[in-house]
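Each of the next two complexes has chain A plus one more chain, namely chain B in the first and chain C in the second.
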Partner chain A sequence: MKIIAVTACPTGIAHTYMAAATLSSVGREMGHDVKVETQGAMGIENELRPAEISAADLVIFAADIAIENEARFNGKRVLHVPIREVLKDARKVLTRI
Partner chain B sequence: MPEVMEDIKKSLLTGVSYFVPFIASGGVLLALATAFQPFMAAGADVSASPVLRLICDIGRASFSLMLPVLAGYIAYARAGRPALVAGMVGGQISGTVGAGFLGALVAGLLAGWIVDGLKRVPLPAAVRPVAAILIIPVVSTLIVGALMECVIGAPVATLLGLMGDGLANTSPSDAVILGTVLGAMIAFDMGGPINKTAFFLGSALLGQGNPHAMGAVAAAICVPPLGLGLATKLSRTTWSGKEREAGSAALAMGLIGITEGAIPFAAADPFRVVPTVCFGSAVAGAICMLTGVGDHAPHGGPIVLPVIDRPGMYLLAISTGAVLTALTINLLRRRPPPPSVSAP
Partner chain C sequence: MALALSFRCPLAGGLHARPASRLLALCASLDADIEWRNLRTGRAADIRSPLALLSTDTLFDDPCEIVVGGADAVAARDRISRFLASEAVGATSDPDPRRPAGPQPSPGLPPMVEDAGLWGLCGRPAAAGLAYGRLRSLPPAFSSAEPPAGVVPVDSGPAGQAPDFDRVVAEARRRLDADDDGATGVARDILGVRRDLLSDDGLLTALRRALTEDGGAAGAIGHVFETYRRDLAGMRNELVRDREHDLRDLHRLLLDVVCPRRGGGGAGGHRGRPVIFAADVTPGEVLVLARTGIAALLLGRAGATSHSVVLARALGIPVITGCDCAALAARDGLPVVVDADQGVVIDATHGAARRYRFLEGAVRSEQRLAAPFAASDGPVMFPAVAANLVLPSLPEDERAALAETSAAFRNGAGAIGLVRTESMLLAAGSLPDEDRQTALYTGVVAAAAGRPVTFRTFDIGGDKIPASLPRAPEANPVLGLRGVAFYRRHEQILRTQLRALLRAGEAGPIAIMIPMVRDPSDMVWVRRVLEEERKTLAERGIAAPGPCPLGMMLEVPSAVLMAAHFCPVADFFSIGTNDLAQYLLAIDRGHPLLAADLKGPHPALLRLLDQAVREIRRQGRPVSMCGDLASDSAVLPLMAGLGLDAISVDPAALADIRAQLASLDRDRCRGLLEKALSCPDAGAVRALLATVPVRRRRPVVATDCVSLDCDWRTRAEVIKGMAGRLWLAGRVGGRHDLEALLWRRERHYSTGLGFGIAVPHARSPLVLHSTISIARLRRPVDWGAIDGAPVDIVIMLTAGMTAPEDDHLKLFSRLARNLVDAGFRGRLRACRDRQTILELIGQALAGPEPQGVS
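And now, the complex of A and B:
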């Protein structure tokens, strides 16, 4: 499955990047194609391109704050999860899909 | 109802995420400028040095944007781009009427709700294009501005004044309680919402000119990773190879003030780790409040030492908290762990 995700936390220096790393590695282990955009204190990094967004089967927002440019994902299937759940058990989040 | 609370929390945290860099640049620049100047009764005297005065002015400019940015992005989180202006103007007015960060929180939430409501008003297709760029910004700003000026501003300012007086005149025992509570909150969920609540209180008070709560928060921030990292170094037999590795990473993260370094330990053994780090951070917070440590940057750990008031006491608080954390957790770990997480 092609999965894209956006991670964001209030301070944007630790949780954002830890969640991104976990989602990518666990997702890959489970056989998914994963790309994660981070919206941390440095702003948007590893930005999702329009082609990647339209090709994705599922969007995951792992965020405790508002996502920037959320309109990009209009019409997609979006799963909202608190970032804490990804850090606690990313496998569980990914099996929910 | 929980969904409403969830929504408010998300808006507030979004506002905080945009607001923190403004506190950082303002607080650090002002601290730098004043650190090199003789301190007068009316504050630091920078009149003798044009360079320091320039730095001071830049820091003040950054501080002056803090409330508009906080309120603006709280509103933005709720209702998107059209809400930014009403939120920012509300935050600005909150500053001028003396309602400070509390008023800015209220203004941001109000602006978000009002714009959200206005967006739902059915409009004829012909006027819809001007709604986003003209009608909604003008109407929402007018409403939020009027509410802040005439209705909400004054009572919130009074409340804030009471809070400020309370903090300025805390007896030593109250100060210790405040430091203990802030410290325990910081450690409790290591970067989660409770941690952020304490962190926001510290940085907001710093924006109001009181660096002491932030001092307690800053020391508490680095105690969990430093304490747990230290524990893995003190007793090698208690910890597995992987945990000792995580311990080294935690030490590094502790030094730069990232509480999250303690998460791997807390996730593996929450019932022993969380109370222990809360205890260590609470002690550090209490020592800071008692000894009048202040922090001028909205961040923690030894890395902010250059902008700390009373750095010796700050380091003492951190090391006491970290050592207590390390000794306690190693003592607790000596007993055999419950069967479900059996160690080798």
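And now, the complex of A and C:
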């Protein structure tokens, strides 16, 4: 599966990146193709391109705050999860899909 | 013939008790009749009656008039106008002793107290300190000026005899003097106000009438004071309204004299040192409480500038104001912890409160041992920091000056960079003789215990003129006979002082500095006089001490511009920014509207200083700064950029200035100065100061960021402890505010990420140097982690907000990514000492992203 995700947390210096690292590595272990955009204190990094968005089978918002440029994902299937769920058990989050 | 002087009141706090006292002292020796009229309130007063002066309710900028008549009218008018100029807003360089010490109040109870669910109460911090004791209300006999029950009033005695008025007043004065004995500095000033009030003609007349004519002395005294107090209560000037306390003190004192109390009026019955609470206290009560020994003072109404609070602060008593006294009264007798830095009172019956006191005490004592700047891991401090000192205006205040000298060294001063000597000359009216001066100077040199002391010879002339000296009137005294020009016409004053200084030099190393030098020939002349006086001493059989460095103030623009020419004749230089800026920018430093502009800093001043400092250093002479700019932390990076050898600052600013200097980067400060030199005006320089980074770069993780074997027992204790350590390392500005921020994040949801690891974090301008702190706990604590497991490894990420600190965010994100990797966590847990932890973190920050997770 092609999975894309956006992570964001209020302070943007720890959980955004911990969630991104977790989603990528667990996703890959489960055989998915994963790309994660981070929206932290350094701004948007590893930004998802329009082609990647349109090709994705699933979008995950692992966020505790509003996502920037959310309109990019209009019409996509989006799974909203709190960051702590990802950190607690990413495998469980990814098997829900 | 009557003379009038019209002006707008230039006194920052209006005409309150202290300026009123000074006016009284100033005019005491004159015969003139002097009246102060406030045109706004329409009230007028004799200038020798402090109470009447207060009742003119004069605020800053009120239109006023002084009308002078009688023999000394001209002298009186001149004296008053000079006084007003010297006291004007911005003219005094004294630090404001009424400024509350310590941080601003933090909203709410400390997280550790809230977390433990303890009862606590918040007020406004007024005098810093940490204390413990049982809550006690002020005894009723204390809080009321009425005679306590059981006292037999004198007037009900045999034959209804009235007490002898003069005896009553004399006894009251004697008791006030006894109170004042041993008081120094601000405390002395404040207590002196009561003595002045008791000399007030209006008050004395009313009291005399009351005591001799009315039926009952106690009631009559009460009536007089009630009238005055009602009058003051209606004043708009807050500082004047505060004097109601001093009247209450006097009232009780007179009652005590007239109707002696049985059993005395001390804070009797207190066992241990209690925490006293009261709606309000008078300075006299503070004094009695301090003698009986109290742990802290909690007040309901008093403001941070009231005399009672200032006095308590001077006596080292922690004070919190704005307390809910009803809530305290409901808990009378409860043991409490008082953190007056934070303005909180905490129920101490719970173990968490005792832990709070223990942890707070630990941070404070560690800070005293090694102030934040000492923990820096960079090059030694530049420039060196010395303290400014003002010799007391009255010989009796000598002890205060000596205490201040010792305090300056305790706060980290390397030397006394400037001793102002002229105040004694201006107050005494006549020149203290050589022996008297020698004793005073020797006291300071001895207190400095071998560290160098630089004395500046009398800086007189301009607005500072000794009353005893005949002087031709000058239309523009600031541009008239000052410094050396003055000495050349009053040589004996200089000669006497130089002899006294040379003699004091036997007690330790001293340097002599000459003010207002205009030409190199001035220094040649002073040096010749110095050598002549050394010979005079030798002829008198007084061993002339070794060579004594003779330096000069750089404060006349032409001399600063010509600095190179002074290097052959001056051993050292010290920049006096106050006069230099006034002369350079054509702004009167006493002007109520313009003086603030002198704080600039104007690029012209910076250019002049930069050129002079380069020139002087090229010739190998030391150059320092002792003016107000050196004590102004806002412009400190610019002063550091000048490359001075030392700065000498107000003792009150010493600790802050040292801490800030320790965080500055020399090259960055120089870069900032270069930019400032090409700015068009002061506003542009200020804009640069706000944006250009000047702090030293410090590694994001270092040995002082790793704590092993920490004995913290709850999440709240860990966060408090780690914030405290970061502050001790000089990496964050406010530890309590940081603690609150970290908690705000924890309340969102726990940062315990499982596997016994927590990652508390915050991003704030409070953070001076972005830091990764690591703490390993002796006992795991509950962190509300996602897997419910207790935490024993805490990795705290604190990020700053300035542009250069942003670079560290990348490192933080890399570490965060590593922390979700099971392999990394395993290696971290296996580390046994600081060094291996640092190495592991270093690898994680430098290496590639981890691959495996959980």
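Methods note: the second predicted complex is superposed on the first by the 97 of 97 C-alpha atoms of A that agree within 3 Å, B and C clash if a C-alpha of one lies under 4 Å from a C-alpha of the other, contacts with A are read in each partner's own complex, and residues count from 1 in each chain.
Keep this in mind: a contact is a pair of C-beta atoms (placed from the backbone, for glycine too) under 8 Å apart; a residue touches a chain by one contact, two chains touch by 3 or more.
For clarity, every value in this text was computed on a predicted model and none was experimentally measured.
**Student:** Do chain B and chain C fit side by side on chain A in the superposed arrangement, or is it a clash?
**Tutor:** Result for chain B and chain C: clash.
**Student:** For the three-chain arrangement built by superposition, which of chain B and chain C touches the greater number of chain A residues?
**Tutor:** Looking at chain B versus chain C, the one contacting more residues of chain A is C.
**Student:** Check whether A:88 is in contact with chain B, with chain C, with both or with neither, and answer first, second, both or neither.
**Tutor:** A:88 sits against chain B and chain C alike.
**Student:** Looking at A:11, would you say it contacts chain B, chain C, both, or neither? Reply first, second, both or neither.
**Tutor:** So A:11 meets both chain B and chain C here.
**Student:** In the overlaid three-chain picture, which partner chain does A:26 touch, first (chain B) or second (chain C), both, or neither?
**Tutor:** Second partner only, chain C.
**Student:** Name the contact category of A:66: first (chain B only), second (chain C only), both, or neither.
**Tutor:** Once the two structures are laid over each other on A, A:66 reaches chain B alone.
**Student:** Could you tell me which of 134-142, 206-214 or 782-790 in chain C overlaps chain B after superposing the two complexes on chain A?
**Tutor:** 782-790
**Student:** On chain A, what residues does chain B touch that chain C touches as well?
**Tutor:** Touching chain B and chain C on chain A: residues 10-15, 18, 41, 64, 84, 87-88.
**Student:** Okay, in this complex, where on chain A does chain B touch?
**Tutor:** My answer: residues 8-15, 18, 41, 64-66, 84, 87-88.
**Student:** Where on chain A does chain C make contact in their complex?
**Tutor:** Per the touch definition, chain A meets chain C at residues 10-18, 20-22, 25-26, 29, 38, 40-42, 64, 82, 84, 87-88, 90.
**Student:** Going by the contact rule at the top, pick out the chain B residues touching chain A in the complex.
**Tutor:** Residue list for chain B touching chain A: 9-11, 13-14, 16-17, 20-21, 76-78, 189, 191-193, 196, 199, 253, 258-261, 263, 267.
**Student:** Could you list, by residue number, the parts of chain C that touch chain A in their complex?
**Tutor:** 745, 748-749, 751, 753-754, 759, 761-763, 786-787, 797, 799, 806, 809-810, 812-814, 816-817, 819-821, 849-854
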